[in-house]
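Multiple structures are listed underneath, in structure tokens.
Across the two complexes that follow, subunit A remains constant while its partner is subunit B and subsequently subunit C.
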Partner chain A sequence: MAGTEVLGRVTWRSGKVVALFDETSSARTIGIVVPDWPGHVAGQHIDVRLTAPDGYSAVRSYSIASAPSSDGLIEITVDRLPNGEVSPYLTQQVMVGDELEVRGPIGRWFVWSPEQVGPVQLVAGGSGIVPLMAMIRSRASAGSTVPFRLLYSIREPGAIFYRDELQTLSSQGDSVVVTYAYTRATPKDWPRPAGRINRELIDSGTWPANLQASSYVCGPTSFVESATDLLIAAGQDRERIRTERFGATGERK
Partner chain B sequence: MNASMNYLDGNAAAGELSRIFAADITSAEGKCANCGAKKSFAEAHVYTRCPGLVARCALCGHVLLRFTNVRGRLFLDLRGMTYLSVDGAPLMSGEARSGHAPKE
Partner chain C sequence: MAIISRGFAGRRSAGEVKLPPGQYLTTDFPVLSAGPTPRISLDRWEFTIDDGANVIQRWDWNSFRDLPRETITVDLHCVTRWSKLGTSWEGISLDTLLANVKTDLSFAMFHSYGDYTTNLPLKDLLNKQAWIAFKYDGTDLAPEHGGPARLLVPHLYLWKSAKWVKGMTLMQHDKPGFWEGLGYHIYGDPWREQRYSEE
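Presenting the complex of A and B:
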């Protein structure tokens, strides 16, 4: 599969799983080394193809979580869906040393690179954090001090991905401002009751409209639609809002 | 029409469409043949729970693109767009790619 690349065209390559890390009880980060990986930009995704012995194959898209690097190592974080065809395998069965067919990197629209100098507003719903984390990591690895703010809507405290790293990255100088918003259960003594994202949360958890931030919104379709409408209602310019939808189930295909 | 929100967006179609397009499709601009909206393909609403892929205009719902795989042949119907314009620079490497990221 790997190899025959025609003039930069995106082709299937065989990657090797080199690391596994559980982010939550249902989500796992998978480190994959891909030979001849052309490099990526934060926000891009890959397709993963699994093929059964009888030839049946399934393809799913997963955002890259890691910052761009030159060593051919990429990380994806996969959330297990109860009735998923692919995510149960990737979160429960795949082992270090296994081969995975991957295609990518894909997409040059929902991307952020450190050459961009304006302030950035990230809005994540659930596993929509993954490509936004790549942007946060890309900013950190490039030493960028561009103002970054993350509004991270999550079901409950135990469902947070990258918790310790976000804690570190939000407590340094020139740090990322992180606001958590819980939809079902909050930590003890949390000032805001659990609930869906709303105007008050947008006002307190995002940059004021006059900063003209570039916004990146990623999550399930219904979350993306409501968050985008709320950002626009708060005065953000629609043209500066980029979105990526994971679908109602969280699995993109 | 979109009340059920059972759509994704152009980002989700990009991997499959890379079988036909050498250039990145998400950052391509398409003009809707119905309402005339000019938008990035990433913003189109994409339906995947059907044979193949269907992309609809995010503003008016008009079908922009249909893509199907029938017994190993790929069919692409683009008549819902008056045009599709892509970045003309060759897509060669990661270094070149980062240069195409949107600028402020």
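Presenting the complex of A and C:
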């Protein structure tokens, strides 16, 4: 049986690809069923290992996009990097029915679980939405009514991940308040011109500081640096801001 | 036994440098931090060494920068799997900082502005293995990379090279710092792939 290296919680396990969905022209969600999956908390990631016929292997980390579930199904969303080694394979070559080696879940810091009762501010830059979407889905599947807000910065309308689901989740009672911010191109008649995240956007798209929300900020390093500086300038307590950054070629998401 | 990934070739170049297991090369400089980047003014900066009860050594920015500096070129290995080769730094060796410290304690906990901590055996800090670095690639260390000054312990995973350091506490027994308490390995040797505490 594959995946029998005895390493405790971080054992390599064999998963089966059961679903593929293109989120954008460059990003694909991959559903993987892992029969002995130990369960996860929103915000955690997995390692994925690809192995060539000669034994060469490459491992990358990807944030889990799906809510915790008991049926062993996990989803990751992979954005294709032009010169990536693993992301082109995962976004273009993997087929339903393929086996993928995964291990995890990993990470106990950038996490949210439904037992947390305070308001939550999510701030996503590009594919940094992935672990934050797991938090939004975790809140929904647990029936939590904790106030959630998402400020989601993307290049252009076509780059939005999970568009329909976010639309649904933000239009129900006890909903998640979603604010989109476009950096290069906006939809027609959008009130705010395209541009980088700034103080005005933080003021209109995030909870006021006196609510003492827990903030989760995820995206490319430069985005996370600007967003956290702006949150602090707006009065948010730095102790309540957790971050996850990824570099241009770092495939961690 | 690994599962062969149908159609996966991977990317290998001729004469590939030897990397620790599970790492890949990058030429940019990604950042891993748990929270916001602290901004520390140099007139408030200090670095102290204490034994848990008393401060043994204390430097402010000027006295610290008057210490003999070294230029080092080292490879970096991050637990998130990127490795970056031949990075160039300027800093003060821990041998210099610990030269006048007589102790029979065997471990150290580093403390950072922003409350980050990380633990290391004292023997990993001596004999040209560790520095407090303040320049990277010839320029002042940027805040997101740990400036004004960060620990640099290149033979261990980079989370051990604490950013924004402000002091170290000598300890008799090892105990986990921030990431070590969250499931990462207590020691973190990339060549033995000591990423997580269960390994």
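Throughout what follows, the second predicted complex is superposed on the first by the 242 of 253 C-alpha atoms of A that agree within 3 Å, B and C clash if a C-alpha of one lies under 4 Å from a C-alpha of the other, contacts with A are read in each partner's own complex, and residues count from 1 in each chain.
Here is the rule we use: contacts are C-beta pairs under 8 Å (C-beta built on N, C-alpha and C of every residue); 3 or more make two chains touch, one makes a residue touch a chain.
Nothing here was measured: the structure is a model prediction, and the numbers come from that model.
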Which superposed partner A:Pro38 touches (first subunit B, second subunit C, both, neither): first
Partner chain(s) touched by A:Glu85 [first = subunit B, second = subunit C, both, neither]: second
Touching partner for A:Glu99 - first (subunit B), second (subunit C), both, neither: second
First, second, both or neither for A:Ser113, with subunit B first and subunit C second: first
Which of subunit B and subunit C A:Thr221 touches, first, second, both or neither: both
Touched partner set for A:Gly55, first subunit B, second subunit C, both or neither: second
Which superposed partner A:Thr243 touches (first subunit B, second subunit C, both, neither): both
Which of subunit B and subunit C A:Ser14 touches, first, second, both or neither: second
Overlapping contact positions on subunit A, where the subunit C interface meets the subunit B interface: 7-10, 59, 61, 106-110, 221, 225, 242-243, 245-248, 252
Complex contact set, residues of subunit A against subunit B: 7-10, 37-41, 45-47, 59, 61, 68, 103-113, 115-118, 214, 221-222, 225, 242-248, 252-253
Residue ranges of subunit C touching subunit A (in the complex, touch as defined): 1-12, 22, 24, 26-38, 80-82, 114, 144, 179, 182-183, 195-196, 198-199
Complex contact set, residues of subunit A against subunit C: 2, 7-10, 12, 14, 49-53, 55-61, 85, 89, 93, 95, 98-101, 106-110, 221, 225, 228-229, 231-232, 238-239, 241-243, 245-250, 252
Residues of subunit B touching subunit A in the complex: 5-12, 14-16, 18, 22, 24, 26-27, 40-43, 48, 87, 90-95, 97-98, 100-104
